[in-house]
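Please find the structures below.
In the two complexes that follow, chain A is the common piece, with chain B as its partner first and chain C second.
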Partner chain A sequence: MDGGEIGEASMKIKLIKEANVSEWLNGIIKKYKVMAPTKIGKNDFAFKAVKSAGDVSLEFLNPIISPVKDYLFPEKEVMLTYRKNGNSWDVESNLVDQEMVLFGLRSCDLAAMLFMDKFFLEGFKDTYYEVKRKNLITVVMSCREPMETCFCVCADCGPSSKEGFDLQLTELDGQYLVEIGSAKGEELVKLGSSFFSDASERNLAEKERIMEETKYNKFKMPTTYFSKAVRHVTTDDISENVWNKLGSRCMSCGSCSYVCPTCTCFTVYDEGDLTEGKRVRTWDSCMYGGFTREVSGHNPRAVQKERVQRRYYHKLSYYYLTKMGCHGCVGCGRCVISCLGGIDMSMVSKAARRNE
Partner chain B sequence: MKEVFTTCSFCGCGCEICVTGAGEEITRVIPSFSNRVSRGSLCMKGWRTGEIYCNSNRIARPLIKVNGTLKESSWEAALDFIAKRFSALTDKDRGVGVIGSAKITNEESFLLNKFARQVIKTNNIDSAFTLNYAPIFEKISELHFSLTMDDLEKSDLVIVIGSNIGVEAPQIARRVLRAVDKGAKLIIVNALRVPFCDIADLFVQTKPDGFKDIKEVKSFFNQARNPIVIVGEDIFKGPNANDDFAAVVETFKDKVFPIFNVNNILGALANGVSPYIDASILEQKFKITSPKTKGLNLFEMRDAAATGSLKCLYVVGENILESMGDLNRTRAALERLEFLIVQDLFLTETAQLAHVVLPACGALEKKGHFINMEGKIQQVNPILSPYGESKPDGQIILDLAKKMDCPLPYANVESISNEISDLYLLSDYQDMKIDLPVETISSDYPLWLKVDSPRVFFHSGSLLKNSAILLREMEPSVVLMNSDYAKEKQLKGNDKVKLVSKSGTLVRNVLISEEIPKNILVLRTNLSDNSHTALLPVGLKWTVVKLEKLQ
Partner chain C sequence: MDNLYLPLKAEIKDIEQETFDTKTFTFVFKDKKDQDRFQYEPGQFIEISVFGAGEAPFGMATSPIRKGYFITTIRAVGKLTKALHALKVGDEVGIRGPFGNKFPYEEARGKDILFVGGGIGLPPLRSLIHYMFDNRKDYKNITILYGARTPNDLVYKNELNEWAKKQDIKFLVTVDVGTSTWQGQIGVVPVLFKQIHLDAPNTFAFVCGPPIMIKFVIQDLLKMGFKEENIISTLERYMKCGVGKCGHCAIGHKYVCVDGPVFNFKQIKNLPEKA
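Entry: the complex of A and B
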């Protein structure tokens, strides 16, 4: 983006004591709208607009809907409202041009945002996405305690981000290492400059060590099948039997598409009538038969098995890898949690590898 | 914008959903991650909750029929009209019926029960429990509604009898797959193939009315350590429902897990919305005084309406015209009523026949509790303000009772929750057999017909058809048949045929499918057209037909 990115060579690193994070965050909240992880309900988490650092729980489980997707491409987005006015129409867009700090997102979700950038901003620019994206300031929190469904390591998207963030915080002993990724990030640091001290190469090495340790010791998903799955999907040598079984398990709930932070399909409809109403876009899913059915009634993906197959082809095949520059999977593990049929990236990878 | 956690209002699984919205607008519906049922997942219906309830097709104001047309009115006028018509009726114990809903809260079912017996003074009160699960009454003392989804996940043998569980109860299907992935055996017993047959260890294909003959399955059952037997719609709405379900319970005893594809079906039963609860128990537990006359169930109410002995029907949240079956006779019965009151969210086909329509709030607009198919009590919390001038069903009942000079002593839902907590009636029903039609093929009607629900369905479809995405999932209604049978009858795909059952006829195009046995036809249906219910006997989804080729 146009935030004045700082190259890796010149990446500045700072330290902030854990005890000072709240006060720094309160300073940010005074100047910006901030969305951060908060506890909701009995034991759920969501990124919500916060009024003070006290609302934030940094010990959170990554929410079932990715915060970047939730903000940049929400489940339901009013694109415009219309009202008949004599012989013409009053049309108003619902774009909000306001800076927003997303504080505490995970590296998998940052990777998903970079993926969505390609879809929404390269070639045809989606204005609704663009306006929010240019106003978005990202503060990534490296992941030291991945959930048991996580496999970002194998998608090369975590547990810590390499690029694309404005700031990245990594918890060291009693303090955070702060990597400044852009001028916007630096602005945030300036809001609490008295809390920050310069970090050394030794601190950076300590961060790398901790992240390596997390990578090797804390992930429970079988992650080593991923690259093989890419090969099998690309060369299309997975037996029909595998897809048949997966197709029988799929209940076409659409959860996989909804929770996947790199799934960007939507449908547009109008609410209201011919005098007044709004145009809305809402998430759609390629797991639905109606998603591809043509007006004639013909459906190029007529049965569920073909829809499941297509989804994994889209996520993993080399064709999309070259087109988008990365896989359509960031290893966030949300499909592992959400799929009613127990079909998820790790299970498919395993099935593809065993070809049974 | 605020977030509210509440219970999903579709099938009987009872997922917890987190709804974000304000006023009359929902912006987001997501599954709760920490809730033991939803665990971060919803089915297609659950995800579309917002679209279904925040919908401009909702009824915004009461409607009164004037010269054959429903016209908007004030609440005052509508309730006055109802109270006057009620007071003019004699023989209310016989002449008035009340049909409750499996979608309203426990508190509202309790109020409806009290309203029927004490205000109207009739025992003619029933709900979709009888409509969909009548066979359960014969064995109700042996079922405890206490097998849980966790039990299911821990089992080493899952037997699924008469259900396409992925469609009927997705969270149950999810647990079955979990159990299978952990090594459990899966046996499917069904007259037709279902998707899970592909991953099952054994598929026992029975005759549509032959679920009793399952010896092979019994031996697996006896060897299993921790078996569980899921029973679904093809038994409860099958051609020999009572005998089949009784046989299943006799064989598998307390391992039988009946699944409910409607959310608060147990809540209606547990709160006495049924003619089969003893008056002394109602008196003792709920302090409800019942009249002496024996109550009719909803099938009997329909028949009484047809003969003219039932004159007035108060229908709360149930599109009986389309959910009961035998469409033509049901319509004639409803049209013969002197007074029909329908309380609902949408102007259903039943509501269109009504003399008065009362606009009710949906599940996102009220507070109370549901009971899921495991017998667990779950909270329902409001997030939206009532649509238009609609009111929660419970409030309408209270207002109506007051208007009829017989006020019920409750200020709000909380006071009712306190009164009924732990006093549910589920264990108070006695075993008894409900008359259901029994279908058999004969030379007159040589073919079985299964009316198959769409890939996504909920009860009569009156809620789901308000979602554009769900409607988009619907495929044209056709009749599926085996190619051998088609050849014999010189039929090919797209030919037009007429299906004739004992109760009605239906014209559909043919679609050939090799998965279907030779003497069975499957009618694929969709949400936008319920004309197929003309073919069905009341309470069933299976029937027998003959087929005529049309030119």
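Entry: the complex of A and C
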């Protein structure tokens, strides 16, 4: 590369005034199905399909269920419908082929999406994920106010994304810096072209400064040293006592897997009878005894300790890391909130490191 | 767009009652194009759907060389297998696959071959046994050892009689518990090792059966001097998708459905969880 301005500047950057965002968003809503953060209750938020910008709350706390996981790989999904027809069957695939804008995604969830892309779309391509993914347009909002449980900085997944988004918005004073990551993102900008002005290198530098400040001053979680945890989990030199302790604290509720945006395990079953019904898939969890129990009653992971060990082997071992290009944690902190036994990535990482 | 999870339709052409709880099903795809396209390797498996009861993986019990149909032998133990047993000739099921890797039959060429099957573990080996019968000149001495709980639990009884008469293989069978009419060997499979002579370092062993049998057989084979990488087994795990996505069949970072189901003992030994 020659000169300083290539690199980051190769991505187009724009500015939009905060006051104009609603009108721009309404333009997007006219053309696309849009899911965005909405306020539900006093201080709780959820991503929902919105009818107008008025439904959207851009000052929001990231919800406990990852919006991108819930859209691309929902908690429950109808795969097929079947109906008996004489001796034969009528079987229909249930594929949702519609463009969708996910507006206000956080960097951690975008990182989780890139992780899921690799998992679901390499080797055998998961058809249900693929169809929704090719239709998905992502608008990321950098985090200026992380929650107390966030540690994306330790996972190198936030508070702002480096790549993989269609658009990324970062709040500067009274306006947003808009980074255009793809042609699809550019299309969204065109829907409100009169609201956008060109941004300068100075605006970009201002964004970088603000995000650095957020990184170093606003995260409250103790640092999660992934590299050491990866080493200990991989070499399996963590004492049995540590796993026993973690196993005894786990209530096998599975919430860690449900809230984890990189957890992708599922089960499949038929809803209906032997003449008509639906084949569905739902999230599953390796924390459940039934996850590996065979019909004979034999269970290769018979005790909870082995299941906890399994989960963290999957998240942290070097073998998975080389397969996926990164470890299986984006630092969203959801397991910190959900686990009643206090077993979460940060805590396990510390236990692995200290071997106690 | 092709749907990875959409089963193709196949008709049950024949059902053979093997034992009180085990049947052998012969399937042919409804669409001839599907049947022609269905190429598989010995050791691979398919996912069978009975709509309303679900879907589960089963090993193929036929050699891919014998085209035009495929066979699986299934014991009725769970929801899906019981629903499958209730079906009749002419009924239709859904099939996805073939999935998984294969038995290393190329590497085994020119070597002696030992098969050790226990109970319902014989059917997956049968796909390779037939393949080797069809390519008999590629392999040296072939020995087949088969054990079941009782004479009534032996599958493929007619075929076993044929194997016993074959001059170009050695076939021995044993049962854990005999009956009044049983005149053959009694005892668990490893007792048969005393009746055969093997050139252990030059033999490939293919072992399939209940976990406890596999464990003791492998111990004996290692004592006899078999190379770890020449002891081949096919693993089972609770499994949903068959394509490396649902996560159930993972053993450490290996997935039985895509990295297996066929593993050699060296690989099994190095898995970070017990196989």
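Please note the rule applied: the second predicted complex is superposed on the first by the 339 of 356 C-alpha atoms of A that agree within 3 Å, B and C clash if a C-alpha of one lies under 4 Å from a C-alpha of the other, contacts with A are read in each partner's own complex, and residues count from 1 in each chain.
Assume a contact is a pair of C-beta atoms (placed from the backbone, for glycine too) under 8 Å apart; a residue touches a chain by one contact, two chains touch by 3 or more.
Bear in mind the structure is a predicted one, so any value in this text is a computation, not a measurement.
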Side-by-side fit of chain B and chain C on chain A, or clash: fit
Partner chain in contact with A:Glu294 - chain B first, chain C second, else both or neither: second
Touching partner for A:Lys323 - first (chain B), second (chain C), both, neither: second
Chain B versus chain C as contact partner of A:Thr127, first or second or both or neither: second
Chain B versus chain C as contact partner of A:Trp89, first or second or both or neither: second
First (chain B), second (chain C), both or neither touched by A:Ile64: first
First (chain B), second (chain C), both or neither touched by A:Asp284: both
Chain B versus chain C as contact partner of A:His314, first or second or both or neither: second
Touched partner set for A:Tyr269, first chain B, second chain C, both or neither: both
Shortest CA-CA distance in Å separating chain B from chain C in the superposed model: 11
Residues on chain A lying within both footprints (that of chain B and that of chain C): 267, 269, 272-273, 284, 291, 293
Touching residues on chain B, where the partner in the complex is chain A: 3, 5, 16, 18, 26-35, 39-44, 46-47, 50-51, 56, 166-167, 170-171, 173-174, 177-178, 181, 195-199, 455-456, 468-469, 472-476
Residue numbers on chain C that touch chain A, as the complex places them: 1-7, 9, 30, 50-55, 77-78, 81, 83, 90-92, 94, 211, 236-238, 240-241, 243-248, 250-253, 258, 272-275
In the complex, chain A residues that touch chain C: 79-80, 82, 84, 87-89, 91, 93, 95, 119-120, 123-128, 130-131, 236, 264-270, 272-277, 279, 281, 284, 286, 291-296, 298, 300-301, 306, 310, 313-314, 317, 319-320, 323
Residue numbers on chain A that touch chain B, as the complex places them: 40-46, 48, 61, 63-65, 70, 74-76, 244-245, 247-249, 251-255, 258-259, 267, 269, 271-273, 282, 284, 288-291, 293, 297, 304, 334, 337-342
